[in-house]
């Protein structure tokens, strides 16, 4: 008989082992109905807020990026500058590091904008003699955080009389967008960590409930891996089923919320469902599986004498 | 002996019952070390995001309220209005429903403000002949959502030439603040619901792991309440211990975050720790206890034949 | 005290464990229930303490039909009897003492009476010195004796014992059976399911023999085997 | 095959379960281990299948010192023996068949051999027709026999049986003991801890008697009691 055993190919042994572990895991899943149900629901509802936080963080990132795009440096030009000089200046500014785009705004255009801002009630043209506004260059930035250095650099250029970038407003905007981004990531991490602990503990509880079986298996001569593998596969299975269920809530939930948000806050930029959901669901699934498996492994250590 | 039993006062019986249940619960908590630890950690980490969401929602409410305070209706007055007329108008506007405060802004003051907004580069006074700006009343609102009706009402008043309230900006602001508030509450509710399910399931798992004991107790003649009460008290105990641990993280966490936020975004209004934390911790504690208890009750139904 | 009339028990998986069993026991009687393994002895006892319900027929205990007993009344029924389970059924997280005391707690015995009576029951089965041991810290026979102590501690009018000496040496078995006899002489009705030929043959009490779910013998002053 | 030298076992709670026990068994021997309840029989067996470690002294099995066996080698040790546990230790969520098959799966028996051999073992203990029952669906004696089938199915060179007939009627007990004898005759070393006076007295094998953790008798062709 030992000969016969040795004759089996390594592949055969591996597939037999997998078949064993898979069969056992499935059987446990079935025969342990109550426990499996409780574990799967727990893992599933744990994944919901994690998914929500990831979706939120993605949207916050998009929104803050678009908000920050609006930060610009305005260079007011010396009076009576010639079109050639203006083009040269424009090119000089565009060549600066951190500058994304430069747009010339003539003083007339600036006056029109001011009039628009004041509304129809007040007619500036009626009361002013000459246009007091200067020509200006509107400098869009690669990175809003570089507003100050870019402004300083622009100020050095001959022909630029003054530079403005709403220092305080930009600082506040950056502080808030920074906070939102960090908040999104922190929420994701916190919820991820919480999910990790909860899933581990849940699996630990299911295994504690079955420590007697583990003890018996070892008494009958099962090697640690033989005891472990079905539990690990069961953890993976629980993680997968839970993720699938969570996806069934997250996907339509996000699509619905998106549609609703487009109604209520149509002006807010939001992440399209296809850009977010596939990655989200796949990573939740992988995460769920991994956590389920390592949760089993960790919990088993306690009961396996290796 | 039956006589002797009947002689005990109802209070004695109750206190004996409580002593029994309490003793059993404590013993189970101790002798069930692993399970209790897993359950308590799970409940604790579940409460963390719930607490976080509640704190976030409270802060969002404060911020949005303060943001919305800035919504105002501006009534531009007819040219050359007399101070008496102006006071009458002011009183009339103040009497309108939904108006919180009315402030008169003279045309000169308005010009100063415009000059300030344009900065030092441009000197309006040098170029204008007469002040083109009208006198105005700035109307603060009780509820920013009433900007439109208040504006309409103000428009009807004789002496008011035009009314402005930045309709689009207000709409957007309200949409965003509404979203933030709903988002905060929704996050709180979602996490609360998730916590509910997780805690229930966790307690269910601990009870499934002990179903054999429940069966034996019943075989020996224990009434359902006799079986139930220690488990319920144990659930309460787990909820309480978990809340206490969660409070040990939430309280310093919030205070630290607050201090940090005051550094980074000093301009944002935030809820002071003493205004939030006591209520938060107490309600988490009550919630934890209640959920722990009812989780036990629910889980036990399965194993008690009543 | 006990009356089974045409009782049939078919388990959900189709197995017929008891087939038209009729048998009754007067108050104060002592009966050995014997029969080969799988004959239905434990099943019969399970019907008496209502861990299971007869598929057909009528079961009464103490003049009370328990065939359709509402769940509400099960605790009272079970408190009115003591049961020694074949697999002991000790509470795993309670000490020997606590396991015995538990049977009195559930009947609402005044707390001050519990300790002396529980300790006395442990004394009787010879385990007073192991009162603080948890079940897994006890040998098989010790666990069995704790289970016996728990069944007798509240002095129930009816005692059901399922294989109470399976893990005991002949001498201790004999002591336990003497104990059951004494309890019986004090008026308790005792039904013992057993495989222990020696004690059945020495005690010569009424013997009811089951085989494949049917009563095949019901003999006063019987021996383990009818023609041994 | 088995050798204990000056073995003492003190449980963590201070209880002295074995006190300087020395005793050995040659390959192919059949020994009854007897002694009153709590004498230390199960403890001695637990040391042999390494569920516990001796406090002092040396334990060897098959010429191998297992006193300080690294955990890694425990599975191999346990696969080299069959154990009938006093409390059966069946896997509660596996059927009778699966419980028996499990003992072969862990030894890496080719899958195609498992089914016929497991069914044959069930046949031998008379339970082939209950192969699909879960442990709680079996009577006490039936569970015990499943435990026996599991211990013998992989034809181990050493068989340890702790009270293997405690829940069996005399006739079935006798059949089981005959089975153990047959297995012994085929070369297996058999150590049976038992309280069953009848089978010890009929079989007249070597008897080792423990009392309070000490070997008080070691007699070839012994009886249950030395002067009965």
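Letters A, B, C and D name the chains as they come in the text, with residue numbers starting at 1 for each one.
The criterion applied here is as follows: a residue touches a chain if its C-beta (ideal position, glycine included) is under 8 Å from a C-beta of that chain, and two chains touch if they have at least 3 such contacts.
Quick caveat, the model's predicted, so the values are computed rather than measured.
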Query: Which chains, if any, touch subunit B and subunit D both?
result: A, C
Message: Which chain has its C-alpha centroid farthest away from the centroid of subunit B?
response: D
Field: Centroid distance [mean C-alpha coordinates] between subunit C and subunit B, Å
entry: 60
Message: Distance between subunit A and subunit C based on Cα centroids, please, to the nearest Å.
response: 65
Subunit A and subunit B, separation of their C-alpha mean positions in angstrom: 25
Task: Could you grab the centroid distance between subunit C and subunit D? Build each centroid from C-alpha atoms only and quote it in angstrom.
output: 28
Two or more partner chains touched - positions in subunit B: none
Task: Identify all positions of subunit C at which a residue touches two or more other chains, and write them in rising order.
output: none
Query: Among line, ring, star, complete and other, which best matches the way these chains touch?
result: ring
- request: Go ahead and list every pair of chains that touch.
  value: A-B, A-D, B-C, C-D
Query: Residues of subunit C touching subunit D in their complex?
result: 11, 13, 15, 34-38, 41-43, 86-87, 133, 137, 139-142, 145, 162-163, 166-173, 195, 197-198, 224
- request: Spell out the residues on subunit D that touch subunit A in their complex, using ranges where they run on.
  value: 49, 51, 71-72, 74-79, 83, 85, 89-93, 102-103, 105-111, 113, 150
- line: Residue positions on subunit A within touch of subunit B in the complex are 34-35, 38-39, 41-42, 45-46, 48-49, 52, 76, 114, 118-119, 121-124, 126-134, 161-162, 164, 172, 175-176, 178-179, 187, 190-191, 193-194, 197-198, 201-202, 204-206, 208-209, 261, 264-265, 267-268, 302
Residue ranges of subunit A touching subunit D (in the complex, touch as defined): 1, 4-5, 8, 16, 20, 27-28, 31-32, 212-213, 216-224, 226, 305-306
